[in-house]
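There are two complexes below, and they share chain A, which is joined by chain B in the first and by chain C in the second.
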Partner chain A sequence: MADLPIWHYDTLFLILAILFGISALAMQNLMSAAIVFGAYSFLMCLIWTTMGAVDVAFTEAAVGAGVSTVFIVATIYNTGVAATPKSPRIAFKIFAGLIAFGTGAFLLSALPDLPDWGDPKSPVNSTMAPYYIANSITDARVPNIVTTVLADYRGFDTLLETTVVFIACIAIYSILRIDNAKSKVTESDIITSPPAYDPTDSLIIRQASRIMVPFMQLFALYVIAHGHYSPGGGFQGGVILGASIILLSISFDLKHVLQQWTEKKIMILTALGVLIYAMVGLACILMDGVYLDYSALDSVLPGDKAYARSHGILLVEIGVGITVMFSMIGIYINLASNGRFDKGL
Partner chain B sequence: MIKHLPIFIVLAPLLGAVLAALTSWYRPKLSFPIVLSGLFISCLSSFCLIFNILNSESGVIHYQLGGWGDKGEYGIVGIQITVDYLNGLILTAVTIISLLTAIFSSQSVNRELAGQQRYFFALFSLLVTGLLGITITGDIFNLYVFMEIAALSSYALIAYGKGRSYMASFNYLIMGTMGACLYLLGVGFVFVKTGTLNIENLSLLIPQTLQTSQTVFVGFVLIIVGAWAKMAFFPMHGWLPNAYTYAPTASGALLAPLATKVSVYAMIRIMITVYSIDYVLKSPNIQTAALLLSSIAILVGSFFSLTQTNLRKIACYFIVSEIGYMVGGAWLANDPGLKGAVYHIIADAAMTSALFMVIGCILFRTGQVELKKLDGLFYKMPITFIALVITMAALIGVPPTCGFFSKFYLIQGAAQAGTWHFVGALLISSLIKAVILFRIIEIGYNKVPNPAKEGNKTIPRDEAPISMLIPTLIVTLSLIALGIFTDTLITDFIAKALPEIPAP
Partner chain C sequence: MMTGLWSMLAQGNLIKKCIGMAIFQTGIILFFISIGAKNDALIPILTEGANHTFDNPNIDKVTNPLTQILMLTAIVVGVATLGVGLALAQKVYQQHDSFDEDEILNNQTK
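After this line comes the complex of A and B, so read on.
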């Protein structure tokens, strides 16, 4: 342990993670708990970084510390800040404690048997990983191995994960959406110009986010397009794109956003991303390959078979980006407007 | 195109769902036919596939996604779909039942969820995708992702019921997430010692070189307990009765027969393929505990069904006890026990499907399924009532229905293993189901004087619409057909699906 140069950081992160975890659970004010939970996510993001899992850290930062905190805040806004816990009986507490400690002890019983941290001879590092490291560049011309594993070697998992995001969006839509004629956005409700000065609104926030949004969107496009070479890809880029729109709807007004992105547009684009991904796979079958074998697309995409894989990865990442972006927006609008699609936070 | 059959089974309902979600914004009426055709293609593919397996020499069909197959010393680097006798059979059952349930659902969805059914059939089809994926995949992480798809769509399908279904769905969400977390943690423990996620590679590694590894053992327990939470095995069954009772008719009719059974399949697959029967037999403590819990599950499910007054809740507690049958049969870990467990997955899927369809028909016409308000049901809906009696007979285990044969194998297995409490639980559960059947007959047939006779009050006939009645009848008759063809099913499929099991 001591010969690892960064073990101090690990200890610090571990202590802080436990501290944040416990305080998020103990807080009675749900809004504060949500903020602490966001900090906890950010800490996890640091831990992934020290482990070298930069892509995971990026996702955690965008999803865990970013939009999911916004979702929780939007939910609390529509439900209530104060938690009113029923104090359980002492017998129940002891029972729950026993189960928790029993499970923990059982998990720890495997500790002596686990391979060392970063051991190059451990099964994980010596079975499939050497293949990925040696062949990612020749198979798909993609230097970022994580992207190749994600979108090509295990591309089917990613198609399904995208479907999971899509399901989350339509599930929340199905549960929350209220088709209330009164609360429908009518033409007169839509504010065509930025709203007039409102003493409860902050001009600084509004102007600052107005400047930030284009840069955020540009960065998100870079993250999607540059995922082949650096950490990033459809998931992270899509979340950032979604977050830029969410920022607009928080700092301005939900009506202002809904005027550009109507409910219909958002929900159709959510499904469209999954369709793009699935259709790229189906095109591979029609071009005599197996499902998701992008190299079969080499006659329509530029370059040889390996480059076809690289371009195929880009195509599906775009699909992922579209679905994730509009799912995030769709989920946010449903939560913030309580399923009414009229006004939000 | 023949070689792509395995992927079409999963892809057809997935694409159907996405297309249905898209068209629902332009032509809402088209959603249902699109989903139906997706399910139909899936059903057709699974039939072709099972014939291919019967005709092939090895009895196994692989499909490597993205073309990433076996790379020698590195193992299989991509995701592989594997279909053999075991999951081929279950895939066929799942596709048939989901297709019939879709046809069954269209009327009840239009009535119960009028005005808000935009994404209902998309979610319906996505749930089927998830269940088929869990069954078809040959990769333990891919299985987890499919589990998520099935779980998320089922939370939404249950919450469509409004009112009390929200809380029921939330409880299910908590338990389901716990189960999925335990499963994923278990996969992590297995992965760290083996470096592979492919079931075929794992089945070569674990039984031979990692028999004594504590990490792999912890992974085993976590995966099994995770699967138990997903299938509502005692004592983690609390979410099921409310969730399936308050869900809309269509969601209940799809979830009840399939969701729990597919989790049982996943457990059996992990037990016999990833870990092997030897490994199971070498952890006797867990085996004893699992068998004991199965017996308790059977008894608890049966006794609670006796105390309920709502037919749908009774059916839900039946599921809890039937899960005990299958888990117990699998953990007997001998030849008749496992045969009984696998046979019971098929039989119970058909029985539960028939039961929930019958309940759906009654709900459609009368608006409630309180037991004491079913008086005169025989005269009002004779066909539905006879279907209900046949289904109950199958659940009790009256020959020649399929319920008799699965019980026959399970009791044989329990006797061979000397697990007499399991035999006792099976018999008591049959007895209790018989009590409930007679209660239903008494209320539905005897309580009201025969309206055909002079002077008695007439009861107008009011059967469920034909689109609901035909699927119900097909499934009900299949209970008898399954029973008659038990021998073919056992020798041609299930016996070949199971590995060599050492005689005691």
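After this line comes the complex of A and C, so read on.
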């Protein structure tokens, strides 16, 4: 197996991925375009795996192939499926093709200046990364270096990334959310012609998802808690938790889910995740440390300073997981119900 | 990546523009991951092995974790921005009854 150059797989997957990408954009039916885009994401996920980026592959599988496809499908469900071009606009497309091709050629011309593929001594691989690899165990007792870098060494980065997800969630609320009282006025503007099938009346889908959801949630909790030792962490676990609730609201009814997870609850919990993250950082300051330096927490957390960092990472990952879970649910509900929070797919 | 850029420019349909944006993004992620890859390297999860111990890992044989975490967060932020884009597209559809750029422009000039 070691004799086989990894490039063989890579080239095959890459060619397939480009084909899928082009065909997703060439589809006339938007629903099929969304599904082909999901397949494209899965292929990219295989490419990440062959390059050794298992955490990225996990995220791509959960986010790219799972949730973003669902978002596109939810949008299409509320609007229209067909993408018939009204005017061919061939001249414009050729012009755009030239610009894209020119940019690509320009970037490819820089290719000889890049270090060789897989060179361990290239600038990217030889400046900061060796420190992370060498010290992850001694500093935080976490074998999964990606988790350590994510939540400890580059904790600020992740805090702000989580905030970006939260802000995007707020933006979608402010774009789409319509109060029920107001929506009566704009009723005529809203399109009431979803595709002609009723997805809520399938007994098999209901029962299957009823059985699947608890296992999905259990797996997601495992992914968050076991992110120190295996691929996974707050982002992936949060997305899977969100996906389990989205599955419930697709197979049953949006009302069914909203009885348990009211809009207010979802909003508060989305904010709570960011708050947990920020408060862990603040607690470090109060315990005479630097912001997000979890080793300051060793008097309240079990174990020595290194284990305190390990537990601090876990606390932060829980915060990330909560924010990502509820912002995914919030975005989905807004997209699926046209911002009215009454009925969805 | 070129496919994504082309689609963002040339496709009239707003949903296809969003898909193009996501494809564009994976192109950039591919670049980052590939410069972080190393020949014959293991995944960035440390294990006890023959030439490889917990406390003293062989740095040349572990894939660069830094580019990976940057891209991991980029994917999650990417799906959030995709959601914002789709929300805007949906709002445009409510106003103009179409995803097609030309039709939207025609509606506005009317």
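Convention: the second predicted complex is superposed on the first by the 312 of 345 C-alpha atoms of A that agree within 3 Å, B and C clash if a C-alpha of one lies under 4 Å from a C-alpha of the other, contacts with A are read in each partner's own complex, and residues count from 1 in each chain.
In this section, contacts are C-beta pairs under 8 Å (C-beta built on N, C-alpha and C of every residue); 3 or more make two chains touch, one makes a residue touch a chain.
Remember, it's a predicted structure, so these values are computed and weren't measured experimentally.
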Query: Touching A:235, do we find chain B (first), chain C (second), both, or neither?
result: second
Message: Quick one: is A:112 in contact with chain B, with chain C, with both, or with neither? Answer first, second, both or neither.
response: first
Query: Does the superposition put A:292 against chain B (first), chain C (second), both, or neither?
result: first
Message: With both complexes overlaid on chain A, does A:211 touch chain B (first), chain C (second), both or neither?
response: neither
- prompt: Does the superposition put A:175 against chain B (first), chain C (second), both, or neither?
  reply: both
Message: In the overlaid three-chain picture, which partner chain does A:156 touch, first (chain B) or second (chain C), both, or neither?
response: first
Task: Figure out whether A:282 sits in contact with chain B (first) or chain C (second), or with both, or with neither.
output: first
Residue contacts with chain A in the superposition, chain B compared against chain C: C
Task: Once the structures are superposed on A, label A:91 by its partner contacts, choosing first (chain B), second (chain C), both or neither.
output: neither
Message: Quick check on the superposed pair: does A:203 touch chain B, chain C, both, or neither? Answer first, second, both or neither.
response: neither
- prompt: What part of chain A is shared between its chain B contacts and its chain C contacts?
  reply: 107, 114-115, 122, 124-125, 128-130, 132, 154, 157, 161, 164, 168, 171, 175
Message: If we count contacts the way the header does, which residues on chain B are in touch with chain A in the complex?
response: 3-4, 7, 11, 14-15, 18-19, 21-22, 25, 63-68, 71, 74-75, 77-79, 115-116, 118-120, 122-123, 126, 129, 133, 141-142, 145-146, 148-149, 152-153, 155-156, 159-160, 166, 185, 189, 191-196, 213-215, 217-218, 221
Query: Which part of chain C faces chain A closely enough to touch in the complex?
result: 1-7, 9-13, 15-16, 18-20, 22-23, 26, 29-30, 33-47, 54-57, 59-60, 62-73, 75-84, 86-91, 93-95, 97-100, 102-103
- prompt: Tell me, which parts of chain A touch chain C in their complex?
  reply: 2, 18, 21-22, 24-25, 30, 33-34, 37, 40-41, 44, 47-48, 51-56, 59-60, 63-64, 67-68, 71-72, 75-76, 78-80, 83, 85-87, 89, 92-93, 96-97, 99-101, 103-104, 107, 114-115, 117-120, 122, 124-125, 128-130, 132-134, 136-138, 143-146, 148-150, 154, 157-158, 161, 164-165, 168-169, 171-172, 175-176, 189-191, 229-231, 235, 239, 324, 327-328, 331, 334-335, 338
- prompt: Which residues of chain A touch chain B in their complex?
  reply: 106-107, 109-110, 112-115, 122-132, 152-157, 160-161, 163-164, 166-168, 170-171, 173-175, 177, 179, 264, 267-268, 270-272, 274-275, 278, 281-282, 285, 289-295
